[in-house]
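Heads up, the next two complexes both have chain A, just with different partners, chain B and then chain C.
Coming up: the complex of A and B.
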């Protein structure tokens, strides 16, 4: 398990300082995005989104295919520009000037939905080093970051000199995540980062991301189609539908609206569904259940209760 | 012999990474021998880099064995004169749908394979419309595929292979970018292909719940087949699967944990319904 403290940082962020600050790290104001404007394919992908992202929040973004998730998050580091509305990073409009765009790119790290869009160097090493190099770190600092980031995503040293294009799908995904982690971004935005990862990889990388979050106090936004992961890791969930925020709340609040979620093509975690079925069978389960551990404990406490009686 | 769709016989493969010809590169597939029966639905699991996609690409001669042989419906994939016929009978959905886009318009993209196979144009029209409706992308038929969302691209790629209507379809992680209802749709499509059309289906996936629906599960690790059996036989081997970097469906995981806590339960209640029944018996 990697400790981010091993990685040399330019300016070590002070966690306390950050948590006390009241201004949101990101503010999205009335964001609208229209693709192919003025053509027969004009498509309004985002319709007046308003959101505030607090420092230190871990947010899961869910929504059906085409609901606007990728469009939304690509605005957060000025990769695409609003048709209307504004994005503020630390209170500053990110699209105000070339300088502010550049700043957003270095402070907000974005992992793309398809890692292929992000890989372009001849070797895995150079690919992961690309961000840190742009930040003008010394070669020694870069080297430490590349190796630590590779370890973070479970990529062995033997792959560092390979071409990133000659890798398996899951290996490419890992390199793409490593490349962004190597920049130690203040806001980490990941678009379906777990797609294509094997189960052990999913668990390890997710735990490492949570470790990064805990150590730095940095905000993290994760687009996911896994209700289980959203329930397990996010403190707050944002549900998009047709380019609008349909729900915004704790996993508990969101998953209590099962019927609406299903109508949107989404679902509740598998264990929540199982709990529902068991209640129908008359098993008196209490509380909200998302995870296997919660279900196990709820059932065992029930059994204990039965035995005592 | 007649009822085998895909057969690999001591299939060995390595990529030429090293241009100096250094023979140090390990084999990506090492003497893999499997037979996939016609009309069955087989899931392939394995850690990242275990060789699943490499194996899949051998099934329709996108890659040719460096050792051993692969036959598709009795045809040796090394026989160039059979290439077209092999591609006609074995269709594939790639892991990354971008690698599959060949046209600027969704419906042309979906029509591409059947056109190449010489299907009559009226028949193509029908197949393309059907396929796009099946994956819920009909309303996007005149859009540009490269400008779609991740999940939409994945759906179009699936439509492409459906329009081809091959005897065997190899799906390489087709649901990786899909929302829960999209994942369910794909599993329904696979069910229909297998039970209504008799199509042989090979599904590579990292989702254990999907593999649980297959007739058979093959588990790969470092270029070897390490497990092979019915889902209920494979998924009860919880600890071994964990060691291979894999996992089991959440239902099995729960039953396993309860068992470890001293509750006597069968591990092979894979579906939510089965699992609920078993638990209701114990705790109800």
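Coming up: the complex of A and C.
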């Protein structure tokens, strides 16, 4: 795969330096959002959210339908203005001025739910180039970025001159994601990037995204309804409920609170559920289990233990 | 932003006003409009204000919401009133250069502004308290007799209800596409007219594509449920007039008669 380092970048700190840097890239302070304020439809979607997003973190955001996930992430690049509270990007309030909003739009990349409905250009190439063009990059820079990001999402060169409307749903989705990646955002935010795809397509897109993360070391926030995917790829999980942060921690920490998750209408991964059932039947499984691998290891160590006895 | 448009918006509720038959409400609004145009004096305006106020109070819709419907037209109303101040002849109060402000002019301006505002608020009461579906059913039934002279009443009503149904969806979709393109750095606010028109392309293309897709899906869904026009179609909820409908008709006729009488005596 092409090294993202080939892509001309204004500021290109070394990967390690980025990860070690202590200050968070995004800081959300007491964020509150009320929709349709002052009408009979008034609805408070976010209620005092406090979060810090570190450089290079991969975070899974989960929560029941209507818990405020989409509302939260649209604040991160100033698409929605907070009713109350502030969002700092690299220590600067993003809603301070027109300039800071513009900066936030290019440094925080947001991929919407069903992004394929935003495609509009005649060719795939032009559509991916839309973001970089708005950033006023030179044609050469744009060309490098378009080709690199197409490669990242697994879109071959032969598709670049095709019309995006003649492609399959999964391909369109990849192109839309490439259009945001091409802006080389320091924080990539995706709202359910895998919704409506088949299992193979889901895995591929997820692997593409993780590849992008590893190459660039940029932070990634993924909204998902799939506990398995969140557990597999994220280092940290944030659980939203009624516009509040209900849990924030590693997948282990979050899935160990199974009861609370179920009360919120969320499920734990299937393997965690299975482990719980087995324990009820008296099988002494150890540790937190949420992937098939962990289940295998726990069962194997159990078998070994039994054999020794 | 786009969502704040209240045109044709319905505020669900279960008050007397909401429960009136849609046909009644349409006729009542027509009577109200006629009466507003006949009304000319303090007394008749006061009567109409009482009518409007009781409708708003009974419907439990906040006054602020009803006034919001007037807001987009404030400029038009202001200009109308302004012109009336200067172009009415009569008893001169102030005079400078070529302008004359007359007592009649000021009264005229106030009445004219009041009339427009009351007309808007009254008609908005209809759409605020009647769901778009009920509204089209009402119109279809009221226009029913026109079928005799081969007016495709059912088809027109169906088209209207589908258009009404799709407006909020399209607005929502526009909002979504705009956000998505803004996230890619699109700028819809700056630049000259040509640049602004060009900036609309990334919105219009996806919007048209999705509108056609939706229309197509809707047509398939209707056909697969054997929709074949209005012939022989019956309704699940047949409209029936009740006591409150007849009472409000009686009141409306009384008010209209009152306004005509007041106008006749020049009060």
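We take it that the second predicted complex is superposed on the first by the 269 of 309 C-alpha atoms of A that agree within 3 Å, B and C clash if a C-alpha of one lies under 4 Å from a C-alpha of the other, contacts with A are read in each partner's own complex, and residues count from 1 in each chain.
Note that contacts are C-beta pairs under 8 Å (C-beta built on N, C-alpha and C of every residue); 3 or more make two chains touch, one makes a residue touch a chain.
Bear in mind the structure is a predicted one, so any value in this text is a computation, not a measurement.
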item: Fit or clash between chain C and chain B when superposed on chain A; value: clash
item: Which of chain B and chain C A:106 touches, first, second, both or neither; value: second
item: First, second, both or neither for A:233, with chain B first and chain C second; value: neither
item: Chain B versus chain C as contact partner of A:266, first or second or both or neither; value: first
item: First (chain B), second (chain C), both or neither touched by A:162; value: first
item: Contacts of A:134 with chain B and chain C, given as first, second, both or neither; value: second
item: Chain B versus chain C as contact partner of A:79, first or second or both or neither; value: second
item: Which partner, chain B or chain C, touches more chain A residues; value: B
item: Which superposed partner A:179 touches (first chain B, second chain C, both, neither); value: second
item: Contacts of A:152 with chain B and chain C, given as first, second, both or neither; value: neither
item: Partner chain in contact with A:171 - chain B first, chain C second, else both or neither; value: first
item: Stretch in clash, chain B with chain C, out of 24-32, 42-50, 78-86 or 276-284; value: 78-86
item: Interface residues of chain A shared between complexes with chain B and chain C; value: 36
item: Interfacial residue positions of chain A with respect to chain C in the complex; value: 36, 38-40, 74, 77, 79, 102, 105-106, 109-112, 115, 117-120, 130-131, 134-135, 165, 179-180, 183
item: Residues of chain B touching chain A in the complex; value: 15, 17, 46-49, 53, 95-96, 98, 142-144, 147-152, 155, 173, 176-183, 206, 208-209, 242, 245-247, 250-251, 253-254, 257-258, 261, 263, 272-273, 275-277, 279-280, 282-284
item: Chain C to chain A touching residues, read off their complex; value: 3-4, 11, 62, 64-65, 173, 176-177, 179-187, 201-202, 205-206, 209-210
item: Interface residues, chain A side, partner chain B - complex; value: 35-36, 41, 62-66, 70, 113-114, 116, 162, 166-171, 174, 191-192, 195-202, 225, 227-228, 262, 265-267, 270-271, 273-274, 277-278, 281-283, 292-293, 295-296, 299-300, 302-303, 306
